[in-house]
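Structures incoming, each one as structure tokens.
Okay, so chain A shows up in both of these, paired with chain B first and chain C after.
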Partner chain A sequence: MEFQISAKAKKTIFGVIGVGLLAFIIGIVQNIGSEQFATRLMSNLLIDGFFFFAIALGALFFLALQYATETGWSVAIKRVVEGVASYVLVGMVVLLVVFGILTVTDGGFFGALTNHGHHTGHIYQWMDSEIVDHDPLIQGKAPFLTKWMFWVLTILYMSVYYLFYKGFRKRSLQEDLEGGTKIHFKNFAKGALFLVLFGYFSSTSTWHWLMSIDAHWFSTLYGWYIFGGMWCTAMTTIMLLVLYLKKLGHLEQVNGSHIHDIGKWIFATSFLWSYLFFSQFMLYWYANIPEEAIYFVFRIEHYPVIYWGMFLINFIIPMLVLMSADAKRNSGILMFVCIAIIIGHWGDVYMLVTPGTMQEHGTIGFMEIGLFLAFAGVFTFFVLNTLTKAPLMPKNHPYLDESKHHHI
Partner chain B sequence: MADRVIYAMYDDDDVLMDGAKKLVAEGVHITDVFSPFPIHGIDPVIGVKHTRLGIVSFMFGLLGMTLAVVGFKYFMIDNWPMNIGGKPNFSLLENFPSFVPITFEFTVLFAAHGMAITYLLRNKTLPGMPADNPYPRTTDDRFVMEIRLSENGNFSASELHAKIKETDIIEIEEKDYVVVK
Partner chain C sequence: MHKESAIREPLILGHKTYHDITEDVCRSIEGKAPKAWYILFGIALLLGLYGVGCILYLLGTGIGTWGLNKTVQWAWDITNFVWWVGIGHAGTLISAVLLLFRQKWRMAINRAAEAMTIFAVFMAGLFPLIHMGRLWVGYWVMPIPNQFGSLWVNFNSPLLWDVFAISTYLSVGFVFWYIGLLPDFATIRDRAKNPVSKKMYSILSFGWSGRAKHWNRFEIVSLVLAGLATPLVFSVHSIVSFDFATSVIPGWHTTIFPPYFVAGAVFSGFAMVQTIMLIVRKGLRLEAYLHTKHIEYMNIVIMVTGSIVGVAYLTELFISWYSGVEYESYAFINRATGEYWWAYASMMTCNVISPQLMWFKKLRTSLLFTFFISIVVNIGMWFERFVIIVTSLHEDFLPSSWSMFHPTWTDIGIFVGTIGLFFVFYLAFARYFPVLPIAELKTILKSSGESYKNGSAPVRTSPSPSKPKVIEESVEVEEVSNEEKTNRISSLIEKIGAGSEENKDDLKLISGVGPKLEETLNEIGIYSFEQVSKMTKNEYDLLDSITGSFPGRAERDNWAEQAKNLMNK
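This part shows the complex of A and B:
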């Protein structure tokens, strides 16, 4: 088809994966003797597994949102959104493997749990029955925090995400051949249904996958907060891909107004995330109930640079840089902001996982950076590979003409 | 000699847009367009400069933010430290999370109102001000283009008339230019 991954791009991607794996292995060799090694390994897999899965899931959500609202302008970038969303298939497998290992090893990793019943070494303390036996707070959260509930719900979420992604993709390709409005209205209904399901699942899944790391603590805003982050990174990734494809001369119909609109989404979702970050923080800060505030106190005491750094990157940079309309059309500025946001939001996911699992011992070293690069390479390759499988410009979408003449 | 002005009337915004593009391509300078609603994309066509309202809004926002900070620093920290739930009332920085909402509100309030009032003042359209609209029907269903002869020195009046009549106008009128105020 029209888009092919160039030899140069392939070389770069495999180079990044290679460098990433090398750094990761160096990190492993450096740390293999340490007490926290196994926990650090699993935390890293969970961080990167979730971070990239969330990007794809955010894109899937955005796709459903465009269908449900019958949006016209975004039709020209629809294939890019589908491409990013396609990584749910890989991300899902990675997460399921990580969850599988954690379940088999009672919430830790084979090397981590030399003695059960101690808090050290666990990702999910509530998976270890010996800890739960002495912990009335976690007992109170049964049956939600039990292995069977975790797996029933996780498989439900994953199958729904899988089926909807497959369905959207299938109908999108079918529409190219058939035309008409039948598929369009089916997408409309399915998009709306997905939004309803996602509205629940985006919250409840993160309670199990991430919030339960700090099993004693809970936040009702948590799901929205994670969702804000995933939407923001998804828009950022879509922007990076559109800029890349345009630079190669593809997507001729995508004009400055489309870029401007994606830029507005990045700006808006950055604010959404920052707003939720602050809302969550301020309520706990103001109420100042010790068992709730400890979550933030711990992060601010032991990880001040990453905690405030990622907040500043994710809030201040998009706010100041993307405020003017011209900046939202300038590919150099956008590239800078997008990369900053990706790094910042990775820091956000790092902050969600590491303080809960590694306590005060978490650092960012070869292991973290290496695994991030390796995942980023695989993600990019898979997404670009999906883009080669279908024409970049959809045909026969009822709003295609509107999108081609998008002008703001 | 008093300035003469040609008013060309259209009954559709798309037709006016096409006409404007054609006239501008031929070198005619269009001073202004009057319409019942904003016509998307007309500004760059007739060469209206980019609005500076955004800058004004930003400055009002900064003003609001500064006022809020100065205000609550004086009220809540310096003059009469308020003990609310044991929050650190002796230090602005440590107590700042409590003040973020009010800072936000003041910024938005000033930016929005400042922008709206500046807009009305600059356009001379504050409530009660006389309208300076050459054709009252442009507030209903007509679209009017204003072309001044003094700004089109390289065309004669009849040449301009001929050019304008080539676009799909429904009425054309030439008269002395008066600023209605």
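This part shows the complex of A and C:
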């Protein structure tokens, strides 16, 4: 039985996109005259652009990890992972457009705003030469924080992600037709290569895309922290899709043990993310060096609810709820945890961007919720659409039999 | 039933039976120790005693016998401490994390790695205790009331967190290791002929009887302990890294420290496992259980963790420049180009470059090369801690007090002594303890044993005391090309008629056909009794030539006759 997006699902998805866009437009109308309007708009585009791209990238990483570690159990959900990863193609375009606008406007300066004659309202202050001229610290970071370096590296990352996604997908479909172990071993080698590149890119890309928003601030753990979050959200999204497809009667070969294993991954990656959050936060809090601590002081002072709220959701909920084995097999409980985690991690990305761009003026209103819903709709539609393109159960994978008989 | 793909390499080589596993592991305990063991034990003991002598001299004279000075107040002592704790990381990682990831190959190394962990943590624990100067009041590190003469401990200090983290780690690691040993001690007890050793192993095995109830509890406890031990893998070395990272010293205060220390610890732990296991497998003749594939897996772990450490080094280096903090940048420039450049260069070569050689399959499957690299990595990881600690201290905030560190013979003696003591413990372990988990290995024999995987394992109908050698000869089969095989299969099916999965009979009802053989028959295309009943001598021979195993069995048991009877039932 091939998977098709049902009329009902289409209606729901387009409904969500419609409602999202409507709310977004209401938000725009509400705010269009305000000083922070342009900054808020660009922050939102960056938040959602990155958040959904990161989910897909996390799935691509997980796919490569399964190949490189020769994992057997996950073969039955491989197509779902590929489906989530396929969104890198869209997410990439969205991010490049956002970066393009930011580059053209010198980091998000829309001309209208001056504060004592200074440019304000940037996403990337370091792109604006007016500011850099008066800021020796940013000048010191020059070869890295420059437009050309940003673009050279960004295009490198995107082309690597694009090529690897295309390659994995092509070989996956080819294996269905040809069989044998040749493709399998090629995937093994390519998976390992991707992990190496991703090991560097996952850090360096986030320094440019996110850490440089707070241009003076730095943390060596930053990239790994973002990586922990993207992996966790990717596992969560994969779980939601598997549960949805199972409910429709697809993925017959996926049994309770597979669900349990994805549940364990969500549990484990939530812990990983929390561990990295704690490591970064605690060390700066403990040493209390002003230029380092300010990052957290500012967030706690002006965004206490979102900041602590997202930490509690992302750490406490999966820890308490997913502790027991039964919970990791119960679709109702899993749905609840997954949705909570997705909201929580969106809150995390919101906290990465907003305080640096909007200072203390950031709020979550129609604009934020609307754009999130619209992106979520597009993401879901695109991923489901990829799932219709190939049979949900791969054929001829050497570990397919292991996965079909997976029992823990 | 657990399925294992045919393309996965077997974990137990050759043809081993359950009894062989028991024999192979117990051999070294029950037999006499070889001369080499006595020589090694003697050397280790001498080194250990020398170390104990140095410790006694230090305790009698004072910490001044170390090369510390007022600028470099921490040097070899803490370097050795972190080095040993790091080595002690592989045990819990293998027994807990790899257990959760269902990595069956860990069974070749988990017992020995856990033992290594415990002994390494012993060695690590010595250093802070000695450094406190008065060993006899070492219990003051515990939060005990002031009436005992102690001072209330400082809960803000990561050094105190270390006390809790490491003692928890040691307790859980020890319990985990010991629980796993119970059934194996019982096996040795039951085989022991000497009344003294029977008594000893009987005490050690806690009266294990092998009842279903015991196994049930055993499995529950193992899972709970694995759950407890997994966070410990992360917490211990994270807290060790806090000793440095919570400070404001340039080069120490960086957020990547906790996960990067954990990766480095696993890196060095696996290197030490390699060093030791390569010797042990040879000495105890365990090559069938710990073979090239296991070594390769461990080398891949070393390569991955080494790369993570490499990424962390480069990240630190980059951010020290990016931060624009002059002190931070200087700390790293000084590390790489200052007076300790040689230590930094050794660290980079040993930890970042050498594991990258494992990308070559030829190198990572070479035992000699592996042994060499494992020692290189251990040296590199010692230098890493030395570089982090000493280069950040020796040029402090006051240039007039800048100085170098020169180790004294007490420094060296205590370090070498701990290596000696470690091997004293380890050699005793290898002599008197089962170094492989006997009971656990038996659980993977039929899914991952070579002879079971390729179907050449003889199924014994009567208890035959034949030696493994004889069996190995009998399973030698003629090599048939795949094409030829297909031809033979089609000619066989032509004669007995095609079957289908829908009309499947339970072929296991034929005496002599087990689940494994049934699968083989199904693969060929034989599903029903009807097909089997049509077989004659000709087809039997054809079948034997296809499966390459059990020659003559079908004819002897007269399958066709049996199948006819079953059809009529």
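The rule we apply is simple: the second predicted complex is superposed on the first by the 396 of 408 C-alpha atoms of A that agree within 3 Å, B and C clash if a C-alpha of one lies under 4 Å from a C-alpha of the other, contacts with A are read in each partner's own complex, and residues count from 1 in each chain.
Keep this in mind: a residue touches a chain if its C-beta (ideal position, glycine included) is under 8 Å from a C-beta of that chain, and two chains touch if they have at least 3 such contacts.
Since the structure is predicted, the reported quantities are computational estimates derived from the model, not experimental observations.
Once chain A is used to superpose the two complexes, chain B occupies space that clashes with chain C. In the superposed model, A:Tyr399 lies in contact with chain C only, and not with chain B.
Look at A:Val93: by the touch rule set out above, it reaches neither chain B nor chain C. After superposition on the shared chain, chain A has more residues touched by C, the comparison being chain B against chain C. In the superposition on chain A, A:Ile25 makes contact with neither chain B nor chain C. When the shared chain is aligned, chain B and chain C each come close enough to touch A:His407.
When the two complexes are overlaid on their common chain A, residue A:Met149 makes contact with neither chain B nor chain C. Using the contact criterion defined above for the overlaid structures, shared-chain residue A:Tyr286 touches chain B and also reaches chain C. Of the two partner chains placed by superposition, only chain C is touched by A:Gly140; chain B is not. By the document's definition of touching, of the two partners only chain B reaches A:Ser324; chain C does not.
Superposing the two complexes on chain A places one of the chain C stretches 134-142, 206-214 or 350-358 into chain B: stretch 206-214. The residues of chain A shared by its contacts with chain B and with chain C are 282, 286, 407-408. Those residues of chain C lying in contact with chain A across their complex are 1-8, 100, 102, 231, 234, 238, 242, 245-248, 253-259, 307-308, 311-312, 315-316, 319, 322-325. On the chain A side of its complex with chain B, the touching residues are 278, 281-282, 285-286, 288, 323-325, 407-408.
Residue ranges on chain A touching chain C, taken from their complex, read 70, 72, 137, 140-141, 144, 181, 184, 196, 199-200, 203, 207, 216, 218-224, 264, 271, 275-276, 279-280, 282-284, 286-287, 289, 291, 398-399, 401-402, 404-405, 407-408. Touching chain A in their complex are the following residues of chain B: 40-41, 54, 58, 85-87, 97-98, 100-101.
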